[in-house]
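Here come two complexes built around chain A, the first alongside chain B, the second alongside chain C.
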Partner chain A sequence: MNNAIRYFAGVDIGSVSIAAVLIRSQKREMAASEMIPSGGNYKDAARKVLNGVLSKAGIGVADLAGIVTTGLGAESAPFPARQVSDISCQAMGCRRLFPQVRTVIDIGGQFTKAMRITPEGRVADFLMSEKCATGSGRFLQVIARILHVNLSEIGSLSLQSETPVEFSTNCAVFAESETVSRIAEGAKAADILAGVHRAMAAKVSMLAKRVKMETEVALTGGGGEDTGLVQAVGDTLGVRIWVPEQPRLSAALGAACLAAAD
Partner chain B sequence: MTAGAKLDELYKNRGVRAKELHNAGAIVIGYFCCFVPDEIITAFDMVPYRIQGSQSEPIDEADAFLEPMACPFVRSCFNMALKGSYDFLDGFVAPHSCDTIERIYGIWSHHRPSPFNHMINVPHMQGPSSEAFYRSELDYFIKSLEDWSGRKLENGKLIKAVSLYNERRKVLRELYDLRKSDPPLVSGTEILKALVAGMGIPGAEHLALLRRYVAHVKERPKPRKDKTPRIFIWGSEIDDAAFIQLVEECGAQAVMDDLCTTTRSFWEEVPETTDPVEGIARRYLATHCPRNDVPQKECSRISDLEQRYGYIKKFIKDWAVDGAIFYIVRYCDTCELEGPDLREYLNSLDIPVLMIEDDYSISTIGQLRTRIQAFLEMIG
Partner chain C sequence: MEQREQQGKTAAVKGTDMARKVRGMVKNIYQSAHEAKQAGGKVAYSMIMSQYDEILRAMDIVPLPTENFAGVCAAKRQMDRFLLQAEADGYSQSLCSYARIGLGFDSLRKEGSGIPDNSPDGGMAMPDMMLGSSSVCDPRYKWFQAAGRFLDVPRYNVDVVSPPIRANLEDTRDYYIRYQKEQFRGLIAFLEKQTGRKMSDDRLWESIRLCDEAWRLWYEIDRLRVAVPSPMPSQDHFSIMAAAHYYAGTQIAVDFYQGLYDEVKYKAANKNGVVPDEKYRILYGAGLPPWHTLWIFNYFESFGAVFVIENVYRAYDPVEVPSSVQDPVEYLAWRTFLRVTQWHEKASARSGNPYVEKLLEMAADYKTDGVVFHACRSCRASTLGQTHIKNLLGRYTDIPMMQLTSDMVDLRDYSESQWKAQIGAFIEALAARKRG
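== the complex of A and B ==
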């Protein structure tokens, strides 16, 4: 039995998407992953994403040696699992992907988090943004909607900007009306997006500095998919930013690693 | 009814006992913060009532008078006053503890005056001249109460009140000693309830209940060591157990605290002198409220922090604390500006700190769960 392959799952139940990652034996190789929108029902979506990842790997629930759930909806998991905060999971996931990383910035749909991590992938210190949309993925959703730009395009579009718009406010709600005025004045979508990215980067960088950032730095969560935002954060902090290939999976990966460590 | 159940009932139905006493003809004096001595009010045969807010009631009417960026604890208290919850108070006393409390005195006593209204000026810097100033303020408070009530303050009664409240302090410290074991014999949630329960009843009644309660707690079977993280909670006015309960639900033991409603209000005794007002002035002025300042003896940063927070070092050591949580009521400048210095000091003692700023409302408390969990995972 000792030679049998053991599987561990990590499930990240977030406000925007639910991700599951399956790793194989203690070596922590990624066996399969799956991600779906959260929709209205955490329970159903969590079950669906776990079944999805299991069928991709061609195994059943009975083959799982452990599950860790994380994220805002971790409590809603319809299967028995250990709960760990997404902060600890993110730290562990980043350690698995980038062993050199000591600071992780996670930009999610609701919150932004900054954490300093130890070489072992433990959290040394962390900060979470206050209930404020500026600095969270929500801000980008709002602006993308007004500009009629697809969320997946905002990164490349923003990078084309030559003269980013300066926003006079740090509030997402007022930035919305400011954006409308700027469009009326003829500002280009690229410049508006670059301005938004700068404003967000300023907020996010402040969290990283307050947590006493150490290099190297990784950026995870939905924000990591936005190349314009990644560049703006890197410029503001003056460091290179490591981004996972699938930045929305790193917390689930960390959860799976923690399940394997149990 | 057991003492624990009685304390729980008083915690849940705050104001009921004071209202009963008021209806029976007693004079109930409501006050804010840790700078209005219970001893003086008690020596007048009046009932001291520490004004509390409600974290479960939304603030609606108060916002017609106060800006929403004013301290939500004060807004909540004033909201209750506007709705008539404090109509049983015969007196309203506010100290100049922080600027919000100082200003609410005028707004409150204008819109919802009690038969007796009084403001006590409290100096910020400690030292002999401040003690003399504050003492005069207390003499003026006493004179105002005498003029209004027609009663005369008897020195003997004041001396008796001082020893009554010192006795209560002693019993409370005994209760706190029962949190030293691993795990503690009494939870942080239970302690907070026992303290808040006493904020609106005569000191002698609270003392009798506490004595019985401590005896009960001592009889509890000794639990097995469980090595859960031991947390020190620092902040301002926590008069609802919801937050401490959340911390304990997340898998920690709240073993020690420094809050306006807990140790800050009772830990140190009043020196028992022949001139009781002098002893009272000295003790109350030295309250560890972050609005207070201590004159620096030396100019170094280290000695400054040591002078301000040395008492916390003792708490940390004697109660074997693993981590600290600052729970700050939003817009409390006093605590928010004290936070960074205290964090630095605690970090120098290898105590990690989680700083949380929250609305004074239990409806938002659940959102803090992730932070608390992550913090406990970090130190665990």
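== the complex of A and C ==
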């Protein structure tokens, strides 16, 4: 019997960042992870992130028993790999992290996705947000830029809000001008951010309800790093939200698990 | 960028030889209207499924299906100037995009005193009348009311009955049929005034006979499509429907469907499938087709997924009007009533929704592995209720379902990357279910 350790990689090539996760065959435990900004060249970035994760684990490409790529840029991978949709990868990644989870909300840079998953980590139903920035991380980027706040700070700042601003629009472009108006009126950045989070949470929650959300619920993607957004979504849905320690790695983790399952 | 990349790549590769002949038939619709005008004939803006097709044929009025023109514009990616013209005239982007294209076309025609240059298929001839109907949705008569801004021609709207699901049809049937007959009688009086000629009952009967025969053949063709592998995909359906709707009541439609029937029967008997290795059979559940991107059906096929049947545009199975009916107008009224109520009994007995009942039957008969819906942003009639239908369907079947969102003709509502991402996940769900 061959007891040699085998490694499997998952690479998630997204619009904002590219993440790679390496797992060991034994117990499918995470051996290493790496994440870099996508930049303008998916091919180079994908190569770089894979080399980075292999280097961290101290192994070479030849030690890999399988690779799965996922995300919007999966086709750009410069190495041989099986492609799997990020929806299936998120489902599998969340099952690995939170076996009790039955609904996953993934808030990425381009789209938000809601999926209902089976106990085996299969996708039972899913929906993507419409062709609209309001339901995506791009919305937060726009508002953070206007407020001159770092993306990493918006969550904690939002949680300090006492009177969240009511946004009268569901459009990111109009919300931008509305934000400027609110700033001119003297609204605090915390209240504006809390208002944005509420508006996004309403939109995201609608998606979750349309896939007939079942508890427990996990939130992944860049949106999971925003504690204000996570709380707003939890409040709107009336449930506790499970968030991975590194929310932007869960699709890559799922991809690695699927590579191991081949 | 995405949109530019897809220029010239809108059409789908067809599965049957007969479907490839439809393009010429569609061109001829618009050519016939121009020729009729030159010969002093009458041309009418019309709406399909208004139940009045045979009346127009019996009176030698050339129907000009304005919705189809919008589809042609989208398939050729020549819709933007018409959409933008309508929006410049004040029509909201949330209004029916078929209507916006038609209104934009007529607005440009009025502005330029003639058919806009390089209009697809030669553009729509100036109509002598506009015939709206309440069938399917309200833009199908509001559109022609609005077009009165640009066209000084008479219009007539026909009401098409739509009894509620749980109505006691035994008690109310005669009322509905009498009312429908009055509607058709009113239309005939209007058309006789416009043409200066009386309608011949004999010609109406002949037109009805031809229409019923074409629709019967179409139904038989769809029954052949239960075969595995699929002998004819949905992209063909969205072409071959032209014969039944735009050539209703003509020998052309009958001959076309006879030819298609023979071809599909041969393919089914010889297991000549749409793709070499059919892995998944898909039901097109609801929503108008994405005329701007019909090649998407071929994209599904690249994964071995074939759309084997659809619940759009062939809205009725054949019905049997009592042989005691001797008046052709009464026959049309009866047929209308029977068509629009043919799923009521099954719906009352189970889900309460005729649409769901039909989909469930199709899913079983055609052995489908999944259902795809298309939500069209500007088509309330085919989109409102889709989520409800999907959820209701989910009570009776566990096959994967997916809803794609765009519009039937407005490309601004379409995102190729989003669709491909969704389709990838859907195919994986189909594969996972097959693995068990």
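The working rule: the second predicted complex is superposed on the first by the 260 of 262 C-alpha atoms of A that agree within 3 Å, B and C clash if a C-alpha of one lies under 4 Å from a C-alpha of the other, contacts with A are read in each partner's own complex, and residues count from 1 in each chain.
Assume contacts are C-beta pairs under 8 Å (C-beta built on N, C-alpha and C of every residue); 3 or more make two chains touch, one makes a residue touch a chain.
Fair warning: this is a prediction, and the values are worked out from it, not measured in the lab.
**Q** Aligned on chain A, chain B and chain C: do they clash or fit?
**A** The answer is clash.
**Q** So, A:Leu147: does it touch chain B (first), chain C (second), both, or neither?
**A** neither
**Q** Please work out whether A:Lys212 is in contact with chain B alone, chain C alone, both, or neither, and reply first, second, both or neither.
**A** The second partner, chain C, only.
**Q** Please indicate which partner A:Ile107 is in contact with in the superposed arrangement: first for chain B, second for chain C, both, or neither.
**A** Once the two structures are laid over each other on A, A:Ile107 reaches no partner at all.
**Q** Using the touch definition from the top, say if A:Leu72 reaches chain B (first), chain C (second), both or neither.
**A** both
**Q** Tell me the contact category for A:Ser88 with respect to chain B and chain C: first, second, both or neither.
**A** A:Ser88 sits against chain B and chain C alike.
**Q** Going by the contact rule set out at the top, does A:Val53 touch chain B (first), chain C (second), both, or neither?
**A** So A:Val53 meets neither chain B nor chain C here.
**Q** After the superposition on A, what does A:Glu130 contact: first (chain B), second (chain C), both or neither?
**A** Both partners, chain B and chain C.
**Q** By residue count, which of the two partners contacts chain A more extensively, chain B or chain C?
**A** Counting residues of chain A touched by each partner, the higher count goes to C.
**Q** Following superposition on chain A, which residues of chain A contact chain B and also contact chain C?
**A** Comparing the two interfaces on chain A, one with chain B and one with chain C, the shared residues are 72, 83-88, 122-126, 128, 130-131.
**Q** In the complex formed with chain A, which residues of chain B make contact?
**A** That would be residues 352, 357, 367, 370-371, 373-375, 377-378 of chain B.
**Q** If we count contacts the way the header does, which residues on chain A are in touch with chain B in the complex?
**A** So the residues of chain A touching chain B come out as 72, 83-88, 122-126, 128, 130-131.
**Q** Where on chain A does chain C make contact in their complex?
**A** That would be residues 72, 83-88, 110-111, 122-128, 130-131, 210, 212 of chain A.
**Q** Hey, which residues of chain C end up touching chain A in the complex?
**A** These residues of chain C touch chain A: 387, 391, 394, 400-403, 405, 413-415, 417-418, 421-422, 424-425, 428-429, 432.
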